[in-house]
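What follows is chain A paired twice: with chain B in the first complex and chain C in the second.
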Partner chain A sequence: MSDIKEISPTNLMLFGIIGGLIGIYISPYFPTAGALGAICAVIWGAEAVRRVAKYGLGTGVPSIGQIALGMGVIAAMFGLAIVKPLPIAGPIVALITASVIGFVIGWFAQHVIKMKIPVMIRCMTEIAAAGALIIIGYSAAVGGNYDFVRNLIPRVFDTGVMLAVFWVGAMAMLHPFNACLGPDEKQKRLLYLAGSTGAITMVIMGVAALMTLGVSGVITLALGIILWVIFYKKFWDEVYSDAASVVGTGLIPKTEA
Partner chain B sequence: MVLDLTMSMAILALMGALATIAGCIEDLESDVGSQSNPNSQVQLAPQMNFLHRIYNKAISGEPISNGLSAVTGGVVTTVLLNARFYPLMAIVIGALIAAVIYGIFATTSYAGRVASQARFKQPLYMDIMRYTTPSIIGHNFIVCFCLVAIAYIQYVILGYPFTIPFLALIWGISVGAIGSSVGDVHYGGEREFQNREFGCGLNTALSGRIVRKAESGLRTSLDNVWFCAKFGGPATGIGLGLTVFFSSWPTTIWGYTWTAMLVGVIILAVMTIMNRLVEIQVKNAYGPYKEDKEEKGAVAVAHTH
Partner chain C sequence: MVALVDPTTLIDILLIGLSGTLICLAVHFIPVGGAPAAMAQATGIGTGTVELAAGSGLVGLITSSYMYAHEPASSMVLIMAAGAMGSAIMLASTMLAGGLIYAYGVAVPFASAQVKRDPITRQRQDTYISKGTQGQGIPTICFVSGVVGAALGGAGGGLIYFVLMGYYTPLIAATSAAAVAGVFTMGVFYVNSVIPSYGVGGTIEGVHDPKFRRVVPKDVVTSVIVSMLCGVVAILIAGGMTP
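Up next is the complex of A and B:
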């Protein structure tokens, strides 16, 4: 509904990029920040998925989430691995690589497959970039740093936690729109849900970080649970105000059919 | 770990049994929440003025949602094993945490989807939420336990070079894919449209007109599980169990040799021929799709103009 004020996509994009990068760059000193940054990227990504999937991609929503993290993981590994002498440039190179991959795939979808979705190119670029930040952010929370060779390979890849980052991260991004699909879908409710799914992913990363980092894993886990409770509660508040009616039990209301 | 043939066969049988249970319960779990194929009609029903009391569990498709729970269980189990927990305990705790997270995803999709259908006056029934979600969690716990156990056996006993989360994820995707392709066939059309002729196909006019009343009272998702437990679930279980058994059996007997490869190819060929025979038999028995009288009339009218 257009009469409800929504946060503009550009603001959310800035929130995702800046929040995500700050979190990732603080992660060597405070690994939990990586997961917090990734939550910013999840919220941004969920909004981008929402805009592109609104064009009637019913069953396509999960696919969009998966392709986002697929593009993201390639870009993240490439970006972090290619800048060996200057690891600090890694996340930014990954972000740019992801944007390029997303742009190319969006361009193909729009002009070769001719999907005729006006926001396709922009949204594909955005979700790929968000995917890369999600991958790096959560990995940094488990690895303790975004250094590819010294931290991520032994702590995130060799232990198999990468699969959880990839799969649960994708779910965090695609689930909000998929779960709110319908004609009365509202941005506010979706963003709270994105925060909730992002926090659940953070909890799982916290459990994994117990193994790799010890104490800072406890902080990630505890903070993740607190954030989840807050966002989940907010989501339910929105559900109570948005739903036609919330009843304890009852018969089906009479309709014309 | 090197095992003798008897022990290898025992391990294989155990894996087959675990996979059979996982497959069966996975299909039933997807039916508790009307996931996957049947979900589209549950989602559509309120739009057609057919309000209902069926759980709308839209955690994406079955492969992705089961991959989510399996990989979560795998990660938690890995962490606990690393902390020197007893394996069975580690797998149980891992599966429990994964199932609870899965349940959280389920609640958000039911609440979110119903809230997004406000204009059709679909109410959000909290009793449905309260007694269907634990059923989803319970089913998913069993699935996740079996899958992580298979991953553990493969990693620790059979010495696969992949990690437990990786193997668990692959099994999660497999069980979802098999549940979706084998199990749904025995639910989607049949239970939601059981007041129509069997196998009549779903034409556009029937969209969303699902059966909403049970033998006694209003139908809920739990009634659907009861229906699916008779055939869809077991069929899925056999599907996944056979997949695990036949994919591991040749290498267990003959090791990683060309003979095992050849036996694998022969199994594949026999199954392809059997599938074709079943298909031919079904086509002979039921024939091509018969048009309705109305449809024929419409076609005839179209031709005369």
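Up next is the complex of A and C:
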């Protein structure tokens, strides 16, 4: 499949980090932007999961999505809570913390557990960072801000929405590769599916935001549905165009030769 | 800001490291068969390591937090015991239901492929293994090993929760402290259940599996260090919540 031009991992990483951070930083003025930023991070994370899970983890793709959000939620809480005098630095500190935790776990997986996956360290760092951005982005869309003590604890943690952010966020990140893996897997199809899973998570966050924020939840919900339809249609088209090359092999012969 | 070099804080970081290690050990005890077991072609429960460890561990977290909520003065050991009970009951009922399906639905004899005789019942195993499979069902040793493992995991989850509640309760409302401590524990749980599942490569039969001795040391080393890192992070979060 080397003849198909793929978007380079570095470009997608920049897309995820910059898109995610811009979305999160606009969220105090327009909470829906938090979810849009998180979708950028989902797309980046799904690509990182794709690169590492291609080697075969032995435990299934879901495990890596769960560890990503596990590291992400720890780093996100730390990053947002620790910078009390300067809340604006929170998301960046969370991103860096997540990268450090991801790097440590990746290093141990590679050198102590000896998983022998060459991209392990880089991908573990990337998925942890993407996980942190996913958690902060979707939480900000529900909490209306990324201020940990004043907004996120009463609106996201106390209400239990955090569990939805954690689980549905993990699903958004791990599902694209889990669904597309196989010999005919293509990056473009996977990225569209990642967009659609990210958007459907946004819809769920919209429902949660209706409860916590009221009117701006409607915007998140409606925009989420529109984005989901767009991305899913794109994914659908990709599936059709990729399936067009499959040739019918006929029925299995009734009697063996 | 919480001083990190304070002896009490250091002990708490060590306790969080210990609880992460308990969770990591728990995964090795649980008979995880993965997809082959779901088709009754390998010994163990037919799902992934992470799902089982996290599923039983999170039930343990619920029971230990219930204990904490109703008896805030209870000792650490009681909270851990409550978590261990919850997890063990959860995994035992999972294995019982799975065992009923393997025995009466799929109709396979329970046999372990890793040992010739079951260490507990002393019954022959190898003659009951179907050709081309890695054992079937959940034999006695796997069941016992699984219950022990789940209890370890639940105790670990209860321990982190207990330590974190000690830090967060004085700073924010009790329900918020429970929510933050619970979510953090869940994060540590997922990290510590995925690390050993990479170590065992997806499937393990339990304590009698030769793989157990081979992978436990390196997984435990990884888990101790990663959990202590998480412990430092958790205690620093408390610094950010001071009013």
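Observations, loosely collected:
Going forward, the second predicted complex is superposed on the first by the 241 of 257 C-alpha atoms of A that agree within 3 Å, B and C clash if a C-alpha of one lies under 4 Å from a C-alpha of the other, contacts with A are read in each partner's own complex, and residues count from 1 in each chain.
Basically, a contact is a pair of C-beta atoms (placed from the backbone, for glycine too) under 8 Å apart; a residue touches a chain by one contact, two chains touch by 3 or more.
Here the structure is a predicted model, which is why all the values come from computation and not from measurement.
By the touch criterion defined above, A:66 lies against chain B and chain C together after alignment on the C-alpha atoms of chain A. Within the superposed three-chain model, A:200 lies in touch with chain B and out of touch with chain C [touch as defined at top]. Note on chain A: of its two partners chain C and chain B, the one contacting more of its residues is B.
With both structures placed on the common chain, the touch criterion links A:77 to chain C but leaves chain B unconnected.
In the superposition on chain A, contact is made by A:160 with both chain B and chain C. On chain A, the patch touched by chain B and the patch touched by chain C overlap at residues 58-59, 62, 66, 158, 160, 163. Within the complex formed with chain A, the chain C residues making contact are 34-35, 48-51, 54, 172, 175-176, 179-180, 183-184, 186-191, 194-195, 197-199, 201-202, 215, 218-219, 221-222, 225-226, 229-230, 233-234, 236-237, 239-242. Residues 40, 43, 48-53, 58-61, 64-65, 67-68, 71-72, 74-76, 78-79, 82-83, 97, 101, 104-105, 108-109, 111-127, 162-166, 169, 212, 218 of chain B are the ones that touch chain A when the two sit in their complex.
Chain A meets chain C in the complex at residues 57-60, 62-64, 66-67, 69-75, 77-78, 80-84, 97, 101, 104-105, 108-109, 112-115, 148-149, 153-154, 157-158, 160, 162-163, 166.
Of all the residues in chain A, the ones that touch chain B in their complex are 58-59, 61-62, 65-66, 158-161, 163-164, 167-168, 170-171, 174-176, 178-186, 189, 193, 196-197, 200, 203-204, 207-208, 210-211, 232, 235-236, 238-239, 242-253, 255-257.
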